[in-house]
Amino acid sequence: MSPLIAHTDPVMDANLMNAEVPPGAEFWFGTDAQGRDIYSRVLYGARISLTVGVLSQLINTAIGVALGMSAGYWGGWWDDVVSGLTNMMLAIPSLVFALAIMAILSPGLTSLLIALGLTNWSYTCRLARASTLSLRNQGYVQAARILGYGDLRIMLTQILPNILGPIIVIGTLGMGGAVLAEAALSFLGLGIRPPFPSWGSMLSDARDQITTAPWISIFPGLAIFVTVLGLNLLGDGLRDILDPQARARTA
Amino acid sequence: MLSYLARRLIQTIPILLAVAALIFILFSVIPGSFASSLGDDGKSVLDAETMARMNRELGLSDPIYVRFARYVGQLAQFDLGVSFRTRQPVAVVIAERLWPSAQLALASMGFAIFVGVPLGFVAALRPGSLIDTGSMVLAVSGLSLPKFWLGLLLMYLFALKLGWLPSFGYGDGGLKHLLLPAVALGVSPLALLARTTRAAVLEILDADFVRTARSKGMSETRVVRWHLARNALVIVLTTVGLQFGSVIGQAVVVEKLFSWPGLGSLLIDSVSLRDLPVVQGAILTIVMIFLVINLTVDALCAAIDPRIKYT
Amino acid sequence: MLRKVAIVAALSLAAFAAQAQAQTPRKGGTIRFTAPYGSSFASLDIHSTNRTQDEIWAKAIHRQLYNWDSVANKPVPELATSVTASPDGKVHTFKLRQDAYFHHGRQMTADDVIYTFTRMMSPKVAYPGSRYARGIKGALAYQKGEAKEIAGLKKIDDFTLEMTFDEKTDPGFGFMNSYLSIYPADEAEKDSFQSKPIGLGPYKFVEYVPGSRMVGERWEKFYKPGKPYADRIVIAIMGEAAARDVAFRNKEIDASVLGPAQYVAYKADAALSKNLLEVAEVFTRNMGMNPTFKPFADKRVRQAINHAIDTDLIIKRLVKDKAFRATSWLPASSPAYDDTLKPYAYDPEKAKALLKEAGYADGFEFEWTTSANESWGQPIVEAVIPMLAKVNIKVKVKPVEGTVLSEVVRKGEYQAYIWSNTTGPDPYEALKCFHSKTPQSQCNYVLYNNPAVDKLLDEANATDDQAKRIGLLKQVNKILLDDAPVWFFNYNKAVMAYQPWLHGLQANATELALQYYEDLWVDDSSPAK
Amino acid sequence: MSEAPLLSVENLRIDLAIADARHAAVKDVSFAIGRGETYGLVGESGCGKSVTALALIGLLKAPMSVGGGRVRLHGEEIQALPAAQMRKLRGKKISMIFQEPMTALNPVSPVGRQIAEMFVLHEGATWREAERRAVEALASVRVPAPDRRVKDFPHQLSGGMRQRVMIAIALACNPDLLLADEPTTALDVTVQAEILELIRDLSAAKGAAVLMISHDLGLIANMCARVGVMYAGRLVEERPSQEIFSAPSHPYTKGLVASLPLLGDRAKHGRQRLREIAGVVPAVTNFPAGCRFNPRCPAASDICLSDDPAPTQLPGGLVRCHHHD
């Protein structure tokens, strides 16, 4: 979509003679220090920032649900192991963890997905485990067990659909977090592979021009704000739709 | 109670060991070394021979399993090793950062709690009101502004434009220097706390016992004071614990920006200088603090909510 | 153009000196300096770190045998009153100062100097300074444990020291480095020394808040009478340029090193522009090209790259004129700088022709390793990418941290890198990096190998005739330009903004952030107590 | 009835606001309760019984609200009282017992304190005095060792004990009217009888009238002098309890009665749900035209599908049916 609505190429259409042009008719959002159209870069940046946000959060959710649900369902030593892992991941400063992974794998989209996708699943895991625990002894789950369903089938068909609501909410909130984490990594020099733009890297690149050319940072900043706001509202909306209690309240 | 605490403390040992192993492996395969960092500004020059000697001296030329065995051996004796760069014991290097870190964490969490929790309360009691919407927007701003960005804005506003506060530094460790970094760091836990509190209060407002309280002829303020606050506190405390623990690790960017002498900036500097013993020690310390804080929170919750038992 | 800039710089320096003379330095007050290269000091044991960031504090606390004279542009004896060299240049006799006192009150003697150089060669610890101490006769034997002391260090009397080197040596360039500071023999072995350094410098260590600041107070027995002027010095650690900008505008710091973005802003500001100190430093920013990567083995390709990049445009628009166009390896401030050299003209057509000749008409792709540095890192690479794309050369960027950059470059694990390299003050040392015998891990990062250059360098090293030496080095510099082992980007222009009440700054070409604290003073308009 | 009844409800209407539409969840409900009388309200879940009780005590929450009608207590209208005055009535004049004694009590507050609050709120007692009286109140609901139990938290008590605490709270300030919303539904069969007995005895002793709400017709029959039957937000029949069992008039009541095990068999069979009437109560948004019971009514005719029946006076009561007996 971006190539269609963007004016110019966000990387190659750099014209240093047009550096730091304020917003106007030709450049709607102005240009950056390299003379690149910020409007185009914000559009392209959306692709990377949203990919990072959505995909890394999907990975987190998958890991968190798989670990949390199995731990809650099976209990025992596996539960202990997962709880330990969860506590560990909660406790390790995730930014430093991500930084180390980025340094090892060297910056880029895949590395970002790994760095951010492997480090933020603990909340989801905790939630999935707690919800599974409360469902494990429900009648319909026990009925399924009596019917001879396999553990995996029970988890996937009986438990998963019933714990998904709050997990999706956490997931949407985490997407905003991932967009910001990418910005922080860019600030520390290990974000997305330049020269391709992400909102975070645009923002961190522009920090020295905050007084001389504020528009360079305002627009990616606004993009992040609107996105996180949207994701939060989406999360709230999903909670209202998916939370059985909230549904009962309105019915 | 005591045996519960003791058991919980013992449970942290495998976690600490796992963290130690994970960090050790990560920072063993990471490219770059302390010696190469001594020539990284393009100005200073470290000659090849000294570099090689330095790697030998620091034990970096040994195979990874030898180094790991040595490291675990040290840990078993509660020895975090010696910093590559200052050649002081890691424990000493970390100790001098603890108090500033604690100050920053306490101040930012204090700010988050004393603003976020009441905000969440008010928003929940008047859902859909201006305050509710306002606090939601504020919360989202807090969650969507990168910290370095927010820090810079605060500096411009409160130091440069208004001249109320110094823009950077530790000063004598007083409130004046603490305020701006604490706010920059506290805004995102504030946002989370406000949202969690709001959700918790809304849920409790729907609880049967609140209806009971009302059926007794209680005014809304008394309902909140006598029945709601304590119940909400449990949920809020758990969030506070999780945030408190992670705020120390998240302080990296803010400490760098404000020249604050905390663990975060120590950690990030040690990462960029590849001072591995300090990196490992600092992370272990942060993890330990996190675990202890959460243990404390659990104990507090148990004290507040009689349903929670020490199991 | 370069000449003009040099003249302007000289003029501003002259004006500066005039201003300094016009006023009598005030005694007292606090100097609030900044350390801009990172968010902490590496160590309080200056022997163990050679980072510029640490030299900034060391200049307040410590002193070395030599110091850089920023006016004469050469190293001069500092802790010695005289240095006499034997005719073969191997034996140097130091007459030491008799008025230098360590901060714990004891007078410095030859024993302290011997202790310092012996420590440098410690068999157990690898110190960066061993690079220069290694040349002392018997130093290596001591390091290997074959001798109990270094044979080449001989104490004649308390204030006379004889130092014998294995080869002809001019020790000044090496011994002026802060990481060869003279330590008090009786204190330096104590554990407390690691946290409370004791030196000979103008300021006495008071406190260090790690990651935040170092504070020193006037050392009353400093060996220069009447100096230092200020009562206290506070060196704030401020790695973030944007934060430094706020602090400076808010008058919380007295001096700030500026990056390109701020340089423009400060120049445009009526008040701030009055107090800018600019100096051409001795660093050359360049893109190294690895000859083991096939296209870069061809000189025509390397030249094509130099032609394809509009270097002047990048310097003007992106670096905001905070640099001088590089015309070869040696910078404008170097004594062997050749102002007749013409840089590669921006000529994409010629670049295409050269590429075609070399067999790369359709271009090629290479991986460019870069740090995030704003002046010689990622932003520059981003500006170059579209320019190279116009001659069909594609670039894949590999961003790394500083320490990784320095590692991969030394190991040769790169196709191209962009870095800033010290190219002074000694032009021979700078050019020796292109001697084929210099290993890649040392500083021949681009594996340069040209017998003609080797020969010229050997000759330059052998001669005692300074003029001849300079002439030979100029030839090397010219060959390098033609061979284009790197993309010659720019020579750094360092800019420091200072508050109107701060006086006595010097245009130190080796590194502007390294100031002579004993000469600095603040007048009473300073808001600091 | 020459004297004004303790409580009279006239044409009560309760609205449910969904989007912009207002649906009458409860409509045209009228009944009266005399002093000390025990009145039963019966019907399946979703009939509007609990909502009616909540409306009486003024605790309807959005999207529910009182849409019309009058509620009089001691002859004075209370349905439109300002919040502050309504609050003074609650607990003091009208109090309520809820279905789930576990969730109806604050889990993090000792039960003694939750009782004591009543004395502090309505009688201006000091906390110390209130705590002392809480022990008495607990004793009066036959909780053993009340001086120790007051310090217990709800989760430390059994379901029956908790409901006793609820009763102690509700009757603490000698209210004129006690609303008991399915007070025994969540309890074990064995304690149900005890709790009912307790409610009956104490309310009699304190002279409180009781509005007993239940889906269990058998329970109502034992407790109440008069019974109202609700269906889909309407009071479809109101009779003295003897009559309603011997000669139910409305087809719905008939169904309820038919589904009961014989009186006296209750103890043997335990509680019975009203499963035997085919179909379910329609949703508020989906009430049928005409008589609301018509989809499930065995006697439904054309008029039932088109016309909403008006109430018909019967000896000692009324019925709302085109085809009543």
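Per-chain residue numbering starts at 1, and chain names A, B, C and D are given in the order in which the chains are listed.
In this text, a contact is a pair of C-beta atoms (placed from the backbone, for glycine too) under 8 Å apart; a residue touches a chain by one contact, two chains touch by 3 or more.
Remember, predicted model here, so these are calculated numbers, not experimental data.
Chain B has its Cα centroid nearest to the centroid of all protein Cα atoms in the structure.
Distance from the centre of subunit A peaks at D, each centre being the average of the chain's Cα atoms.
Note: centroid distance subunit B to subunit C, computed from Cα atoms, is 38 Å. As a whole-number value, the distance joining the C-alpha centres of subunit B and subunit D reads 52 Å. For the pair subunit A and subunit B, the distance between C-alpha centroids works out to 20 Å. Residues of subunit C in contact with two or more other chains: 240, 242, 371, 400-401, 404.
Residue positions of subunit B touching 2 or more other chains: 31-32, 148, 152, 156, 268.
Counting partner chains per residue, subunit A shows two or more touched chains at residues 103, 207, 210-211. Put simply, subunit A touches subunit C in their complex at residues 11-14, 16-17, 19, 33-35, 103, 106-107, 189-190, 193-195, 205, 207-212. Taken together, the subunit B residues at the contact with subunit D in this complex read 207-209, 211-219, 222, 226-227, 230-231, 234, 304-307. By the touch criterion given at the top, residues 240-242, 245, 259, 261-262, 264-265, 310, 313-314, 316-318, 371-372, 374, 378-379, 381-383, 385-386, 389, 397-401, 404 of subunit C touch subunit A in their complex. Only residues 11, 14-15, 18-19, 22-23, 26-27, 29-32, 136-137, 139-141, 143-149, 152, 156, 203, 206, 242, 245-246, 248-250, 252-253, 264, 267-268, 271, 283, 286-287, 290-291, 294 of subunit B touch subunit A when the two sit together in their complex.
The part of subunit B that touches subunit C in the complex is made up of residues 31-51, 53-54, 56-57, 85-88, 92-93, 96-97, 100, 148, 151-152, 155-156, 159-160, 163, 166-170, 255-262, 265-266, 268-269, 272-274.
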